[in-house]
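After this come two complexes, each holding chain A, first together with chain B and then together with chain C.
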Partner chain A sequence: MNSVILNYIQENKDQIFNEWIESLKENGDERVVKVVSDQVFNSTSYEFIDVIIASVKNSTEEFTSRLSDFSEKVVRLGWPLSFVTKALNIFGKIVFQKMQGDGLVNNENQMDTVFEFDRWMNPMVNEMVNMYSSTWERTVSMQKIALQELSAPLIPVFDNITVMPLVGTIDTERAKQIMENLLQGTVKHRSEVVLIDITGVPVVDTMVAHHIIQAADAVRLVGAKCMIVGIRPEIAQTIVNLGIDLNQITTKNTLKKGVEAALEITKRKIVKVEEAE
Partner chain B sequence: MENQSCVKIINEWDIVAARQLGRNVAKDLGFGTVDQARITTAISELARNIYLYAGQGQVCIEKIYDGGKAGLQILAADSGPGISDLRQVMEDGYSTSGGLGAGLPGVKRLMDEFVIDSEPGKGTDIKATKWLR
Partner chain C sequence: MRSPRIPILKLHNCLLVSIQWELDDKTALQFQEDLLNKIHVTSANGVVIDLTSIDFIDSFIAKVLGDVIDMSKLMGAKVVITGIQPAVAITLIELGIGLNDVLTAIDLEKGLEKLQQELGE
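Right after this comes the complex of A and B.
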């Protein structure tokens, strides 16, 4: 039965193809139809039919590998998954309707044909969805790693003075990392003053404040002084509204002021070099 | 509904999604940066409470109009364990999770109106409103 469908596709390849393309352009996702050039669109769709036809001639294993190659290609083209599954659906519908029109599907074998169609279409759809989801999973895990790498660096700017710039949202995971890096770095760089710059933190709620306070306390325990810098005016207001007590920690408006204060604490200052004669 | 959009809170990143939504709506309504920060912080607190105590729930942001005034309303709802002593949680410094205990009283101060409704074992509904001045 399966081969009946496939043979039918092979015989009416061009006709099915044209109808398919037309229907896709009518119902398809605008993001794909308008952006992708006709040539890429046609050649990819044609390749798909070839893959299907190849399954008649080749073994199942070969078909699977060709199908996954093809799915990979589609994923790389960046077509939305919803569009691809819809395209597969339309393809199946067209073939079924045409077979019905040509009398290959009649009342007697209708149910069998429907089942066969299912058995034939489902693995293809599954393969596509799998390919997409595994690509996404890979991307997400890569991004997670990338994010972790730039999550909380501790930068020594002067002898005994280090800065930790924080950018972006702080969640529990990051808060842990911040604490670890902060303490390890403070000891390693023999810092006397550590500046935590929160200019790039969009929202300071009680949890973020709590983590920062804990970090500052811990820094004090290892014998350094901690300063919070980069508190924007609107953040200052929300901190006051929330009733968070930051009295134990020195705070400064900008990193610049923080560095100046840190130099003062370590009994140094920046002087302008006199022009030599 | 056009004026209301919701975010389901299931994991920690949904908190970010909720406050992003809130910030966009606040910007849209014409709130200044300070009020935007207040609103996003309030959403962050409420969403985090859902994540921490109830496990899951949802946060809805609604544009509301009353007479000539426009405002933003946050609706945080969950069907978690609920709160047995409402007076206690509204006190500064009370926390069951070792946090700062400034969350709910803080949200009340950040927003103009604040209504909390909770039944132990059934869940908690919080409605907080900020009016555009």
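Right after this comes the complex of A and C.
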């Protein structure tokens, strides 16, 4: 750490701070300035200066941990990364310009000061970017897990009758998972009839149809009967227009009809309870 | 070492085969021959092949299995395959061996039931 720079910041703390805030409000994205309340904005910016000044007194390690704490806070506040990096940039510029104005930077030590500045600013920017990107990565991976959990549930609705409702687009990876879940569930629940409900699948193209047919074939191999339900008119049209052969598989238009047919296959039916005398 | 032959048991008018270990090519062919002979000798009209303990299958064995089913059909015996594991089902489908027109059931019990139903009609 260059103590000249830091001492300068500490001495001119309030002045730099005010100028920084002004310039941020001028240059900053209007959206951010509007969304973030003045109070939060000011206190957070003030905290940042404190963090920097603390580095004069404390060791590098402590500074790093404080900096990462601070970055975490900024991430939690939900400020855009572009705004934060810009703010850091402007802060550096202001300090540099003020130091130049006060004659602390002259022709002799110009290069050294620029290098020092670089060494001082870069870790801070890096830390911010790292914090943001790791938060994003965490979010993405959590969403991926959630998506996987939601992607292929298998519900045993009656003895020997199981339903798999599919919602959303089906790609190859998901199709594989659907197939695995479907077969394992079929064996586990000892199902005789498995209904695949495609009401929630927006588009059925050749690839999706191929995956569904494969799944149905595989279900047949493990000894159950597969039925595709929830075929909407437009899906029926696409299937026929694409020349996909679904003759081997029973299809129904609604889950209700599918369940009725499944009960029939397993030699059961739903009857109305007679009124007790 | 020569792997032992696969036992084929007779139950009333049906033949019962339980494959308990991974077949090598030789055993598979031996099994094909044995089963056909047995069908001929006992004039059985139904065969149940149980694959519950098989959790891996290669293309050759799958082909042999398909052949055995077709051959048995030619000899007038209906075949039911039981207990295909999910992994095996996926392999078969990926290999393009759909075992079309073959009866399947989840376990031996259901398989025999299905066979009796088919034969009874």
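Going forward, the second predicted complex is superposed on the first by the 275 of 277 C-alpha atoms of A that agree within 3 Å, B and C clash if a C-alpha of one lies under 4 Å from a C-alpha of the other, contacts with A are read in each partner's own complex, and residues count from 1 in each chain.
Methods note: a contact is a pair of C-beta atoms (placed from the backbone, for glycine too) under 8 Å apart; a residue touches a chain by one contact, two chains touch by 3 or more.
Owing to the predicted nature of the structure, the values given are computational and were not obtained by experimental measurement.
A.B. asks: After the chain A overlay, clash or fit between chain B and chain C?
C.D. replies: Partners fit side by side after overlay.
A.B. asks: So, A:R190: does it touch chain B (first), chain C (second), both, or neither?
C.D. replies: Touch status of A:R190: second partner only.
A.B. asks: Report, please, how wide the angle is at the C-alpha centre of chain A between chain B and chain C, in steps of 10 degrees.
C.D. replies: Vertex chain A, arms to chain B and chain C: 70 degrees.
A.B. asks: Name the contact category of A:Q15: first (chain B only), second (chain C only), both, or neither.
C.D. replies: Touch status of A:Q15: no partner.
A.B. asks: Once the shared chain is lined up, is A:D205 touching chain B (first), chain C (second), both, or neither of them?
C.D. replies: Once the two structures are laid over each other on A, A:D205 reaches chain B alone.
A.B. asks: After superposition on the shared chain, which partner residues are touched by A:A224: those of chain B (first), chain C (second), both, or neither?
C.D. replies: After superposition on chain A, A:A224 lies in contact with chain C alone.
A.B. asks: Quick check for you: in the superposed arrangement, does A:N126 touch first (chain B), second (chain C), both or neither?
C.D. replies: Neither chain B nor chain C is touched by A:N126.
A.B. asks: Considering only the touch criterion stated at the top, classify A:S43 as touching first (chain B), second (chain C), both, or neither.
C.D. replies: neither
A.B. asks: Which of the two partners, first being chain B and second being chain C, lies in contact with A:S134: first, second, both, or neither?
C.D. replies: Neither partner.
A.B. asks: Give me, in Å and rounded to a whole number, the least C-alpha distance separating chain B from chain C in the superposition.
C.D. replies: Nearest C-alpha atoms of the two chains are 9 Å apart.
A.B. asks: Mind sorting out which residues of chain A both chain B and chain C touch, each in its own complex?
C.D. replies: Correct list for chain A: none, the interfaces share no residue.
A.B. asks: Over in the complex, which chain C residues touch chain A? Could you list them?
C.D. replies: Contacts found on chain C: 81-86, 88-90, 92-93, 98-100, 104-107, 110-111.
A.B. asks: Considering the complex alone, what residue numbers of chain B touch chain A?
C.D. replies: 12-13, 16, 19, 33-34, 36-38, 40-41, 44-45, 48, 92, 99-103, 105-106, 109-110
A.B. asks: Enumerate the contact residues on chain A facing chain C in the complex.
C.D. replies: Of all residues in chain A, those touching chain C are 179-180, 183-184, 186-187, 190-192, 214, 217-224, 248.
A.B. asks: Across the complex, what residues on chain A touch chain B?
C.D. replies: 169, 171-172, 202-207, 209-210, 213, 233-235, 237-238, 241-244
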